[in-house]
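Which chain is which? They are A, B, C, D, E and F, in the order written, and residues in each are numbered from 1.
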Amino acid sequence: MRPSKRAADALRAVTLERGVAKHAEGSCLVKFGDTHVLCTASLEDKPPSWLRGSGKGWVTAEYGMLPRSTGDRMRREAATGKQSGRTQEIQRLIGRSLRAVVDLVHLGEKQITIDCDVLQADGGTRTASVTGAWVALYDCVAWMKSRDMVGPKVIRDHVAAVSVGMYRGTPVLDLDYAEDSEAETDANFVMTGTGGIVEIQGTAEGKPFNEAELTAMLTLAKNGIVDLVELQKLAISG
Amino acid sequence: MRPSKRAADALRAVTLERGVAKHAEGSCLVKFGDTHVLCTASLEDKPPSWLRGSGKGWVTAEYGMLPRSTGDRMRREAATGKQSGRTQEIQRLIGRSLRAVVDLVHLGEKQITIDCDVLQADGGTRTASVTGAWVALYDCVAWMKSRDMVGPKVIRDHVAAVSVGMYRGTPVLDLDYAEDSEAETDANFVMTGTGGIVEIQGTAEGKPFNEAELTAMLTLAKNGIVDLVELQKLAISG
Amino acid sequence: MRPSKRAADALRAVTLERGVAKHAEGSCLVKFGDTHVLCTASLEDKPPSWLRGSGKGWVTAEYGMLPRSTGDRMRREAATGKQSGRTQEIQRLIGRSLRAVVDLVHLGEKQITIDCDVLQADGGTRTASVTGAWVALYDCVAWMKSRDMVGPKVIRDHVAAVSVGMYRGTPVLDLDYAEDSEAETDANFVMTGTGGIVEIQGTAEGKPFNEAELTAMLTLAKNGIVDLVELQKLAISG
Amino acid sequence: MRPSKRAADALRAVTLERGVAKHAEGSCLVKFGDTHVLCTASLEDKPPSWLRGSGKGWVTAEYGMLPRSTGDRMRREAATGKQSGRTQEIQRLIGRSLRAVVDLVHLGEKQITIDCDVLQADGGTRTASVTGAWVALYDCVAWMKSRDMVGPKVIRDHVAAVSVGMYRGTPVLDLDYAEDSEAETDANFVMTGTGGIVEIQGTAEGKPFNEAELTAMLTLAKNGIVDLVELQKLAISG
Amino acid sequence: MRPSKRAADALRAVTLERGVAKHAEGSCLVKFGDTHVLCTASLEDKPPSWLRGSGKGWVTAEYGMLPRSTGDRMRREAATGKQSGRTQEIQRLIGRSLRAVVDLVHLGEKQITIDCDVLQADGGTRTASVTGAWVALYDCVAWMKSRDMVGPKVIRDHVAAVSVGMYRGTPVLDLDYAEDSEAETDANFVMTGTGGIVEIQGTAEGKPFNEAELTAMLTLAKNGIVDLVELQKLAISG
Amino acid sequence: MRPSKRAADALRAVTLERGVAKHAEGSCLVKFGDTHVLCTASLEDKPPSWLRGSGKGWVTAEYGMLPRSTGDRMRREAATGKQSGRTQEIQRLIGRSLRAVVDLVHLGEKQITIDCDVLQADGGTRTASVTGAWVALYDCVAWMKSRDMVGPKVIRDHVAAVSVGMYRGTPVLDLDYAEDSEAETDANFVMTGTGGIVEIQGTAEGKPFNEAELTAMLTLAKNGIVDLVELQKLAISG
């Protein structure tokens, strides 16, 4: 029995609310249960300097947690003067995941920055971020299309992410904080709408895992991501 | 006529929503129109080192803006590695304002940190922050009282803040961004529930102002703060 | 009775000594009693990047304290690697105050930086800085005029600053350190030679103040600033 | 055909040279072909502060690249003033990998820091680092045993790492730089001597990969790690 | 002929003015011609942490230049966030020079920090700093003696510094900025009152120098330092 | 008798191994006994910005120590976020020393950066660095010549460095760590192949030294540098 009482293959209640930031070209407040992340997309009219003249654009991401999004207050990274290794690792992951489904040539010489700011954390902030970031990105590109700034083929596919863990010997989907802190293995899967794997990050916190466990976790993740992509489709059709 | 169509002495729609952060000892999502600030209170069991052994506690504040809370995306302060002068000025103001109505001896050797994070900005983020921060602080102290950690006299009074500006020669209350960027003078008033002035910050952006204008602005501010304190009372009685 | 034995409306001995820095385009060593600030003006041939091509110039200020200008040695900000919130607040105030009396279009695409470095501190370093900075700025513009780099209307007015405080219930002018650390309210006024108010920063350190006290403090400040402007006139006519 | 002419399942020439640092408690110069990493182990007599009194020790890692270890000179991180996200990601991975095979209770209240400094880079610096770091750690623990500072059961297993990639549709083992920069997918596997998986990091650089490809990559990695562990055994028996 | 018209072996006008900083335990405004440095001594009641319990004290120095002490305004190190290599080199030199004549055991577990802040620069700021720092240190120790905090033997000797350079083939003493920027060799000598050499830093800016030139420069320096020590004696007897 | 058993005028075993870094335009692993420094030369196609358009190039150096190159592990400068004063002092010395023998006009608008990274330290890292850096620089210029990027007269002379110290009253050459930490005086000499002095840095750690001792140290250094230059000649003829 999971602490959350959920079935092993059950996601938390997931919602994707669009249009939540007055100024941004795209935005999404994503909730995976008590994990809430505000994702905004900001368009810049030129790419980073190393892409100038290449005809290609760029999509990048930044990630942050409000100091009291967590159980104990964390020090504010702006005050400590640097972003932690964890923060950098996550924002690099979000950026890579989004670029995997964007045609940077069709985007043209622009840059879209997705900011993922965790308002409240209860496990799985990086997977919620990727899932919500895609919606913010989609709306930003739609904003550009409606102004004839890009053609139709910028976004090639959905991308979403979910965590799976080995919890007391059983693979379980979408861990919340209580589950995550006890799991033997914690793995994050990023996959596209057509089932391609974009990123796997699996870490044994306690004892190592084996190939059968990896396969079982992958199966759970695939199903979870099918559901998340369905929710993204619903959200953008709204 | 103001860009916002409001009467010269009209506040924007102000709401104070409590209990919005699962982990915090107190929290308030304050909205002054399109300016939205999430205020959380975090309790620490010991005061800053320079107060150890003094029998006194401390209340402090930190302030931040999400990168796309504004019309153009701002650089993330955690990424630039330092807080701007403006950020530091505002968080020092919030902290001083709150301490003006807290009995630090009755608080005892603890520290309460109020984080004010701007989710969306449309002018007046510092005055909204002070007004919402007081509610988060109040709830934090209530949380402590319910655990017998403090006695009844920690918070001595309300404190709230509002901006007033000279806009095309007329004093107007609670400027939004469009008004603020055109105002000749921008003044922020912090006052208590009993009408005492805690802080005045008045700056002539264009031409200097005179004593009559100062008096007119103070009058507007007093009325505005009476209303804000009323809203605080309503919020905490809810 | 004030610790300084001065009458409530008496300034400290104020001196403004020009031409104290061999290399600078303008300079002034300002003394408000034992508070000594060295102000230098440095001319750059181009404005900050965000004003290039605008036809306008800029005036900015930086502020610092020598480590042992104070009773206890402070850590050197160059060694700690950042300027404190207080430092940034003060240098922003000085810059705003000066710009309030400069015609940036007549200045043209140049930048003048006023450095205010506190050699010895005894309260009121920011008000002494504003008052002395104006003299350094004046001499810098005179230097430019004598080289036909600007026309006659760059500086539109004097600007000076003074502090007023509520000390044991009485408003007193130009607080020294001993008075400042005991005052219930500390307010800084920046005003022009023609009596316009450029900036008011009033903070209740202990109990809040009321409108009558604000008015009394303003009256004292106005008289003080009339005297300071008189001293500026004397200095530049010398 | 791979650029390196190697068979798809062939490692580069791997060497593990012990005792290369006069001062360190353990050291290993690991070479995976032209990738050379100097790994040193440094023992401290106390654990990090958050483990004081817990009876447990800690193993951590730091990673760096000499500025001209790469084709183009990189800026020195000590001069830029911060470690890149990539650096932090890698050193966190090395630390986690080593801790997966260390009994921190048997280590006792000590800390071992493994520094992995890349002298020359040609792809796979993180996998070489993990593999060499284990040897340096082993020698450090041996050094402690010979001084009766620890008992026999500190290191529970080997740990080694290798990269696998999808190169022109075929899974290939241990990519060098030329291969890595063209691979569609780049995956790093960290495994123990008994075949447990400690960490998987798989990233699709170009098109997403599928489950069959993941399985094929895992098979290659398992065989590669069996060889690397064999080389570790040889090295420590020398 | 030197640009300064001085004889090859002539110092600039040197003055050492004591008691120039109200708060400091010792202070000296040293002028070597147009080079003006304010030196203050600050006493702390405990040594740096690595000397606690050793019975020994410490003397250290910090160095800074006001932004417009130089011909062109330099960026303020507090604003750039770090001290330059030159700054650190100079403050290390001043500290070493002073410690060479202090008995740290007789000082006892205290720390004296000498701040040398350049108000105006015209070459030779480091040699002026060492020479003036000794006077500030002397007065700080005298302050301690008068309070029975130390015995008589803390300061064992004078220490002073002077520059010598090869200017158009001739060795000249105490270079000003115009001479320094053209000199082929620039050497700084730190010597005690009894003629011992504490530090030599000689650098060929253009062509290398030879042993005969080194000897000639040393001779000039020795004479210059005899004069500087004489001026120190006069100053402290005043 | 020296701790190292060497004669007073004997160098440690010195080796200069070229071609040790696959990617660099020039490289040298220099060993002075147990002090090992990896020197690499990196060519950039343009000079620093302040030399653009001048027709001149630049040679600069950076220095670092691996954290466990020393007896106790030092904190990694990339992690602390700044280079120490010592690091900056040394890299400035290396750069100045090399520029003393390079014709920057003949080099043309390019920049060569020499990185000196200490793999293992046992005293004299700066003198080993200068000596090895020259070899890396020589090979970089040879690489340029073979591509017709420069003419024949870029490097005008050899440059090498050695330390000398007063150890128990006797001058001794090329101190190792054990000797250095006990020496009364530590002096570093940088000289050219034709015997010119480029830099002298002499510091009395304990009692001051006199002119006779300086002369004796210089004599030892000259002989040591003759030998080091001979070794450089051998190395580049290989």
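The definition used in the following text is that contacts are C-beta pairs under 8 Å (C-beta built on N, C-alpha and C of every residue); 3 or more make two chains touch, one makes a residue touch a chain.
Just so you know, these numbers come straight off a predicted model, no measurement behind them.
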Count how many hops through touching chains it takes, at the least, to reach subunit F starting from subunit D. 1
Which chains lie in contact with each of subunit B and subunit E? C
Given that subunit A and subunit E share one sequence, their CA atoms superpose after a rotation (degrees, nearest 5) of 180
Subunit B and subunit C: spacing of chain centres that average the CA atoms, whole Å: 28
So, what's the distance in Å between the C-alpha centres of subunit C and subunit A? 50
Quick check on subunit B: which residues sit in contact with 2+ other chains? 81-83
What pattern do the touching chains form: line, ring, star, complete or other? ring
A student should be able to answer this: under the defined touch rule, what is the ring order from subunit A, with subunit B coming next? A, B, C, E, F, D
Once bound in the complex, which stretches of subunit F touch subunit D? 21-24, 27, 34, 38, 40, 42, 44, 62, 64, 66-71, 73, 76-79, 81-83, 87, 113, 115, 117, 119-120, 122
Sort out for me which residues of subunit E touch subunit F in the complex. 82-86, 88-89, 91-92, 96, 100, 187, 191-192, 194-204, 207-211, 214-215, 218
